[in-house]
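We call the chains A, B, C and D, going by the order they appear; numbering starts again at 1 in every chain.
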Amino acid sequence: MIVAEQKPIGEILKKLPEVEKLLVLGCDTCVTVCLAGGEKEVKVMCSAIRMADKKIGEVTGFSIERQCDREFFKEIEAVVKESDAILSLACGAGVQMLSDYFEGKLVIPGLNTHFIGSNEGAGYWLERCLGCGDCMLDITGGICPKTRCSKGLMNGPCGGSENGMCEIDPLNTECGWYLIYERLKKLNMLQNMMTNQPPRDWSRAHDGGPRKLLREDIQP
Amino acid sequence: MSSNSVCIIGAGISGLTVANNLVNAGIEVTLVERNPYPGGRALFYGCKASDSCVHCGVCLIREAVMNFRRTHNIKSQFSSELTGFSRSNGEGILLEIETHPNIIDWRLCTECGKCIEACPENAVKIAPGWKYYVDSGCNDCGKCVDVCPEGAIALKRESMRESIHADCLVIASGFKPFDPSVNRKWSYGESPRIITGSDLEELFYTENYLPGVVKKSDCKRIAFLQCVGSRNVTEGGEYCSRVCCAYALQMAGRLKDEFPHTEIDFYYMDIQHFGKDFESFFGDVSRKVNFINSNPITFSVDRADRPVVRYESITEQKDKEEAYDLVVLSNGIAPGDKNEALAKMTGLSLDKSGFLYAMNGMGGVFVTGACKQPMRIEDCIEDATGVTGEVLSYLEERVQVK
Amino acid sequence: MNDKKIVAVLCDHGCRNGSKIKYDELKTNLKKSEVIEDFLLVNKACDSGVEFLDAYKGRKILFGGCSLLEERGIYSKIKERLGLKNGEFRSFDVKADLYDLYPDKVNLEELLVCKILSMGTLLYHAEPYEEERIKPAEGILVYGDGITALRTARALAEEDISVEVLETGEQFLSPGLFSQHFGRPDQRGLSSVVSADERRKSERNRVAGFKNVRFLPSDAFLSFETVEDGFVFTFKSGEKRKFGTVVIAPEREEEQSRETGALNLTDLYGKIVCGEPLKGEVVFLLDYAADTSPEVFKDVLLAGKYIKRRFASEVRILMKNAKVSVSGAQELYDECREQGIIFFKYLEDLTLKNNYGDFEIEGTDLYTGDKFLIKEPDILVIPGRSILSPRSKNFAEALELLTISDRYPQPDSLWRLPNETNRPGVFVAYPTGDNSIASLLFSVRARLSTAGIAVNEHIPVVDEDKCVYCLTCVRVCPFKAMTTDSESRVAKVLRTVCQGCGSCAAECPAEAIQLRNLTGESLYQGIRALG
Amino acid sequence: MEESLLIIYCSEGGRKALQKMSSEGFRLPSGVCTFELPCTGRINDVMLMETLQNGVRGIFVAGCREENCKYLDGNKRALRRIKRIKKLLSDAGIEGKHIEMQTFGPDEGKRLYSAINDFAGKVGVS
């Protein structure tokens, strides 16, 4: 699932042009599940924009199944025609699809898209996949070193981990290679540790290990 | 099972819990209460939550009273006492109830408040979660009778005696707070700045926190004295009252919250931790209170009318004197006045401290709550729930025997 | 959508409270609203009977009056007479909710209109429903095979309830061994340590004598699932069994002491059970590693008394606090002092030197102010904190119970009896008080009573079209009342478990969950009607 | 009612505190409406936002004391939600002072009274 977080509303308001009619468009898939752009968020956003001292005539809220599928745009064609701009509460893919489909309309992104990840509990999301296009999970026992190792090392740990925790953040981040080792041991596949991986394409490097999104207000 | 009826003595938290539980199980219940209102002793205790709830349990009593009001099929006799007890030939128990003049009939009162306004002596009071009642101080002027639109007030009612038949008797007559004035040592009553924990509870209820003589601005030092009337054969009971450490610490925490610049000293013998939440709570409160492990020797009052506590400081190995703006005597739980009479009447025995000895089920008499041993509100509810189960089994067995 | 309009009825007697409301104006104001069909004023509704409402059969009724109406059961009479279902009737206490809250000079009329309109809107949108009661499945699973679990199982079996006992197979001497009693302590006398284990064995034999008790082997449980009328456990044998109620009697164990060579209480009991002579100088050091709880203090007193009497050893008990707040402990404490057990209350300056099991304890006695030095006691006992045994903890975690501080599989809540957990239907058996087993039995019996469990008035209803199956509700529900349903692929409410708090409805990102009779739409409109 | 305040209270702590307040003779300021919910945990963002958008000057939520929620953590959830809305509002250039939540024990009538009055003063409703 794609994990996203709403931009601070002040930032959104700054970006909004002074238009007669604004459409706030939510997406009922990933961003609803990660509590960032579903029907409820659309309603809250609409109210907030209406209340903010902004020269916008009318704010309408709407939400479609997926903003990354053209077919769903048919049902909103009429609404979009009437509005002057769209505030999209979808991931980057949705925003781009919208601007492609409705070429004449200005589409403003309402979310910051973070990562592909899993829902670990109420209000806690964890990055699980980098989308690197070159999956090696079969060798590493289902744990991705590119995401789970803070340094993205491909051939075993750096040597800085202690008690299974990463030296970059010894309290919260686990050492990815420690996890891989433990998993491989369980699978009886420790010989995989000896397989040599070709160097990674560092041009698409990311920083700081698995990115986490912690939302205090949702957590139990 | 509708033919079964149970009589409960005392409408405190234990009595109300038993009554509400039994009514839900379809048993006929008669509730006999000495006061003109339900809720018992702890009804006028106040909430002690500071930042968060400290589990004092006072709200559970409000809840029980509200539930009782909503249950319209409990027979209740307020301002009443048990005066006679006899067994009727294996057919259950015959009880004699004496009802004292019950000035306001709660079944008619609509809480319009006209009587409160009319009363020149301020004798009409309101019980939390309940209705109006007439307290001492009434001089029979009759003004309230004239204004009551419902005709719920009658001043010159006579005492009534009534016999009721019950299959079971549940005694939940509660406790009496230990009265420190029996011993001159505590100087209770000599200065309005020396109050008991029960007095402070009632001040908490009215949200005054301090008695009228102490002003918020000059309340700099408060002392809590533990084990007043507990764990001392010569001055009170031999037993630990089990509630005083908890309530005193809870109140100290609340006072510190209310008056952040006040110093609170806590004189204690042993801190009695118990309960699952007590440890975290204790850690919280120990930052707010100075603990002094000593029992004070003497009391006196200084020229500014402040109580002075003389105690032996263990760390400094000498006697010390401290003056306070307010001294709270954390009085413990003493057996109720009626325990002896009740025991004599019903054939129960008393333990050596004077609490009723529970031999539950013997001849259909059950004992629950603080008349059995010192208990906290939560414990009373648990105990009363258990006793309800025992009462139900007893009634079922009797039906089978019949 | 149900479009029955509302008939608003107001009793103008006790609740009037001297207000001078112009009722004609009020009536015209209210009738303008979309939801109110008629407005009636009655005098003394509690005395005048309910027949006057007969003309309004088939409408929804909103009734405002004083508390007497509820106390005298008038509302239930009205519901019965007009055949009103739940969701077709609502009442409010005019005095408490309105007149008592505002000064007389304020325009009460306007507020009354607001109140009636907002309550009316809620009622207008409410769906009528029959009261539902669901019977929990038969059968009780008792987890644990300590004395508490066995005693509970026996008590249930005596009531003709079939019980299955899931044995843990962990039969260690628990620290609570001494305090596991079910009567008053002075009745019990000094329980011999050896017989405590014997008692467990004899209790097990007694329980096994009941036809309706079945013992399940230890470690038999694999996974479990909550269903509407109970819990389905899958056992390792592949067997699936449904239980309506689960009672766990979690075993507790003592944390290991950090000091090598020192015994904790469990070790000491082991020695006593094996009949090892405990001669010489026996020292108990309390409040050292952790604060000693009153229950443990009592255990120490019992153990000390036993050792003193049996072996004529010299027993010293060092402590900061004498925690005598469990029943009978004060008497025992006094008895121990009389019998010559020496008590020290030490100050903060206590030091413990440990030279490979040769201890040296130095400190100051609080009462005399004298320094004391205890050199190389024969036996040093440092009681540890009692915690849930790992197995019990796993079980509690598998059942998703909220646990506090490693010790109690219960939420920290005033509103529940000490034997109740955050999962309705799961109970904890602890001998916390003299009557705790009886109160547990009462709770279990109330659950099993023929009437069944009433479905909460505010139960959430999931809109299948809107639900995106995001599982937010499953994660936020404090009672674990929401589950997944792989067939319909929407969240499912376990109706007997739900308590109707509305956390799920508040957090649902798709607004797909609404509380019955308190839907979001009616709430917004109700609030809008206020002003 | 342009100049109005809405008090949302729960059926437990909030309600009892309100009752205590009235029994002690304290009265609510004019223009204050009350609304009861079973638990403050039911309050959600949409409800608050729509209410404010409809011209209510302020919303005051009275819940139970922390650790004392009958539904375990409804009040804590509500507190966090209200914190979130406050931040959202202030980010949007509307002051967050229009929403406030406080928790009350059953006896804290006097405190409830002063809290409501303070709040009314803050949002400019007298």
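Assume a residue touches a chain if its C-beta (ideal position, glycine included) is under 8 Å from a C-beta of that chain, and two chains touch if they have at least 3 such contacts.
Predicted model, so just to flag it, every value in this text is computed and none were measured.
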A-C compared against B-C, more contacting pairs: B-C
Central chain of the complex, centres being mean CA coordinates: C
Chain centre separation (chain A, chain C; CA means) in Å: 39
Interchain centroid distance [CA atoms averaged], chain B/chain C, Å: 24
Whole-Å gap separating chain A and chain B, where each centre is the average of the chain's CA atoms: 58
Mean-CA-position distance for chain D and chain B (Å): 33
Per-residue overlap in chain A, given as positions that touch at least 2 other chains: 40, 43, 218, 220
Where chain D touches two or more other chains, by residue: 19, 23, 44, 46, 50, 67-68, 73, 81
For chain B, residues contacting two or more additional chains: 53, 55, 59
Arrangement of touching chains [line / ring / star / complete / other]: other
Footprint of chain D on chain C - complex, ascending: 96-97, 100-103, 106-107, 110-111, 114, 118, 402, 411-415, 422, 458, 476, 478-479, 499-503, 505-507, 511, 515, 518, 520, 523-524, 526-528, 530-531
Touching residues on chain D, where the partner in the complex is chain C: 1, 4, 6, 18-19, 21-23, 27-28, 30, 32-39, 41-44, 46-47, 50-51, 54-56, 67-74, 77-78, 81
Chain B contact footprint on chain D (complex, rising order): 12-13, 16, 19-20, 23, 64-68, 103, 105-111
Chain A-touching residues of chain D, taken from the complex the two chains share: 44-46, 49-50, 52-53, 73, 80-81, 83-84, 88-89, 91-94
Touching residues on chain A, where the partner in the complex is chain C: 28-29, 32-33, 35, 38-41, 43, 119, 121-122, 218, 220
